[in-house]
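Next up: the structures, one after another.
Shared chain: chain A. Partners: chain B in the first complex, chain C in the second.
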Partner chain A sequence: MWKLLQIELFKIFKRPRTYIPFGAIAAIILIIQLGLKFDGQSYLEMGMSSVSDTFNVPYSLIMNGYLVAFVILNTLLIQIPLLIALVAGDMVAGEANMGTLRLLVTRPVSRTQLMLVKYAASVIYTFLLLIWMALLALFLSMWIFGTNDLVIARDTVIEHIRKTDVMWRYIAAFGYAMVALSTVAALAFLLSVFAENSIGPIVATISIVVVLTILSEMRIPLYDNTVKPWLFTSHMLAWKGFFYSQSNGQGDTIAGSIENLPSILRSLSILLGYIAAFVTAAIWAFRKKDILS
Partner chain B sequence: MSSVIRVTGLTKHFSALKAVDGLSFSVEQSDIYGFLGQNGAGKSTTIRMLLTLIAPTEGRIEIFGMDLRTHRREILRRVGAVIERPDLYKYLTAYENLALFARMSGILPSSRILMQQLEQVGLAERAHSKVKTFSQGMKQRLGIAVALVHNPDLVILDEPTNGLDPQGIADIRNLILHLSAHEKKTLLVSSHLLSEMELIANRMLIIDRGKKIVEGKASELFDPGETLVELDTSDGALAEEVLHRGSWKEHLQSRQDGKLLLKMDKNRIPAFVRDLVQQGVPVASVQPRHSLEDYFLSLTTANQHVEAFTDRAV
Partner chain C sequence: MQKILLLLSLVLAAFGGQAQPAAELLQKVRARLDQVNDYQAAGTMKTNVSFLKEPEASVTVYFKKPDKLKIKNDKGISFVPKGAVTISLNNLLKGSYTVLDAGTDTAQGRKVRLIKLLPQDENADMVLSTFWVDENRLLIVRARTTTRDNGTYEVELYYGKYIAYALPDKVVFTFNVKNYKLPKGITFDYDDGSPKKKQAAGDGRGRVELSYSSYIINKGVPDNVFQ
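After this line comes the complex of A and B, so read on.
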């Protein structure tokens, strides 16, 4: 299996298009960092307008690497699935389009093994993309903006996390995002089995994610308790839960605490369930598939 | 002698279309087995079923004495194939493609062996060029190198001379003969270039619309005593009437471009011409034709004639 995985990764990283998402992420992060570096206070004033009348907001202390990383994650973790679909949607359909799928299937490797290895390669690619994002969004921001306590506005509540209590939350958030993005990769991978070129599954994945995200964000009572809890898009942004902490009687944040860990774990298990279902369906369909390309 | 491939009652339906219809044949050790048929006859579908790309609707395939359904991996370890177009990873070099498929076949050949294999198909000098810069012929040769990289016992080549120039065709022909004679490999080769098949195959199968027309040794299919005779006449209707009246009716195979094709013993040609002339048929020429192409056409077109006749009768 390891040998097959190496082959898949070799193929992925030999293709120039593989690097487009890395370039896109770098470009958008640098643009956000540049904007916040030179006009960060205006951005904060807009974000904190609801509380700025109540107390004096120390903008220069709030604007630090941790906050910038949070802003970037908030923006990008909605868009990154589209980039993941570019690679995962190409895994089987791209091979069918090139005509290499029939060569792969005539090698002494089981179809199940082939599919597991291809999905594993998509997950590794997703992981590397997230590492790249973490390097730029978190560590580069820490270097440019410095570090301090993380203060974020959440509806009418201000979350204040001590700077010594922040890093583990980012590690947990990136870990969660990894699972969330792997769910999108699994969906694109499943759709890829049914197509003969990669455009179809990529566009279909993006469309499904967009439609379900809209459904997840809509406030319609009929859907709130019936449909929304089961949509994977409703759980994609649960990583934010790692930045919502419990407070003591004096209103101070309890270091190392999470406001609602069971809710995060439930979201995580729903995403893992989706991954298992998508990958199992992809393997089942591929085992039955007549390779006509 | 044990069969390398034994196919029994192989059938494949694509919805209402029956692409392969109860096909049975066997390929013996060290055969160069010619697999012939017109476009759409079911050759590629059959080959894809032999390679597990397509699941048969019915029938049984045994390769190396093992059932393909239950021993897929053991069998594929000993099979190399080029299926229709030789599509490879265009963004990789010839060497990288070869190394990649060798690893997928479970072997790790040295750089020297890979280069030797590229040398065998005349691509050593372009080993480190990306496949996207290759001509169709070069891709075809690389496809053959990929099929042979794990030293298979059975080689299946689906239209291996597609897109090649005359020199390329001759090179592939020589390679096939070399693999059979010197490396004792068994080859199943499909091609629409029937003249090529005539030069290399020792046994053949001809199929039409998914059904077997004939199978046997090439030398037996070309019975030296019997030949196809092409009759060119300005009065085809009279000629057909005469043929149907007399004892020549059973020899009639088909009509092509206004010419009549008959199959008969060479020794009977003078009597045939004499009979036609005596009955007033204006004979322009009578020419024996004995290539595989003629034989193939006579079999497949005769089959169509029989079916067309049956349809009309119904």
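After this line comes the complex of A and C, so read on.
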């Protein structure tokens, strides 16, 4: 199995297109960092205008590495599934397109094992992409902007987290994002089984994610209470829950607390359920598949 | 005629007799405050505003005559209300004003004198200040300031170890807050599916509680602290 995984990883990293997401992520992050470095205050004033009527807002201190990382994650974790689909959608369809799939299944490994290894390779790729993102978004931002407390503007409340209470939240958020992105990888992987070239599953995955994300973000009561709670895109933003802390009756935040941990765990279990369903369906379909190419 | 004049003089004496002590009393209180040229105070700050989830902060408060005041968070960020300069009573008593005796009231379980100040400068931001003055201890225990543009501020002062300098151990500062709301499209706020808790309407007021643990008084504070 390990040898098979190494081969799959070799195949992934031999393709030039594998590196496109790494380049795209680096470019987006550097553009955001550059913009916030030179005009971060204008960006903050947009969200803090009503607060600045009452308080002296220390913009220069609020614009620190932790906030910049949060802004980047806010932007990228919506777009990054599209980059994941580039590789995961190619896992089976790419082999079919190149005519190597039939050769592959003649090897002395079961189709189930083969599919599990291929999905594991997709997950490792996703993991490496997230590590790359963490290095640039979090650690590079910390180096460029320094660190201080994290202040987050939500729709009805402003969260203020002490800097000593921030790093574990990022670790948890990246861990959660890993599961969320693995769900997209599983979807692309499933669609990849049904195609003979990789364009179809990649475009289909992107389309599904875009449509469901729009549905998740829309405020239409008909969908809010029926479909929305079960869409995986509704739960992909739950990483933010790690940055929402509890407060006591007097408004003081409680260090190390999470506002609604059961909700995050519920979202996590739904995503894990989707992964299990998509991968199981992919294996089932592949086992039944009449491989002609 | 003589009776009318006598009555008039009695009335004038009565009013004049009250107005003079109010100004005198305020003068004595001001003299007590004047003995402090500067201070640096260490303490904690708790903020209670309906839309702000703010941790308790360790702060240092710097003051220098005539009206410089700075609240600095030692280890992070703090949101300091704009009217917080009024926690220094010197800032409320500066300038020229008309003193009005408004009788007596009760504050912090004590009978106190109520004194109102009307600024003589018509363009001043402060419209009216009311002081609750402990006549026996020569201390201001509460002050309320109505401003032209920023609503009303109220400061409640609790004295202890530093009473000799008329410096409080604890200050509770109450101020007006505006509503806070951002569109979800901007914040991409995560909807955890739980029933939406409405933002506590409160009374449109915020509170900041400053508890001082120590003061360094009249040892000099550099001007660059206030920049």
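Just so we're on the same page, the second predicted complex is superposed on the first by the 293 of 293 C-alpha atoms of A that agree within 3 Å, B and C clash if a C-alpha of one lies under 4 Å from a C-alpha of the other, contacts with A are read in each partner's own complex, and residues count from 1 in each chain.
We adopt the following convention: contacts are C-beta pairs under 8 Å (C-beta built on N, C-alpha and C of every residue); 3 or more make two chains touch, one makes a residue touch a chain.
Quick caveat, the model's predicted, so the values are computed rather than measured.
When chain A is checked against chain B and against chain C, the one touching more of its residues turns out to be C.
Of the two partner chains placed by superposition, only chain B is touched by A:I291; chain C is not. Residue contacts after overlaying the shared chain place A:I131 against neither chain B nor chain C.
In the superposed model, A:L103 makes contact with chain B only, not with chain C.
Within the superposed three-chain model, A:L34 lies out of touch with both chain B and chain C [touch as defined at top].
Applying the stated contact rule after C-alpha superposition, one finds that A:V211 touches neither chain B nor chain C. Within the superposed three-chain model, A:R15 lies in touch with chain B and out of touch with chain C [touch as defined at top]. Residues common to the contacts of chain A with chain B and with chain C across the two structures: none.
Remark: chain A residues 3-4, 7, 10-11, 14-16, 98-100, 102-110, 288, 290-292 touch chain B in the complex. Interface of chain C with chain A (complex): residues 46-56, 75-82, 175-194, 199, 206.
Chain contact summary for the complex, chain A toward chain C: residues 46-47, 50-51, 53-58, 61-62, 74, 78, 148-149, 151, 153-163, 217, 219, 229, 234, 237-241, 244-245, 247, 250-253, 255, 259-260, 263-264, 266-267. Every residue of chain B that touches chain A in the complex is listed here, in rising order: 48, 51-55, 72-74, 76-77, 79, 81, 83, 85, 87-92, 96, 100-101, 103-106, 146.
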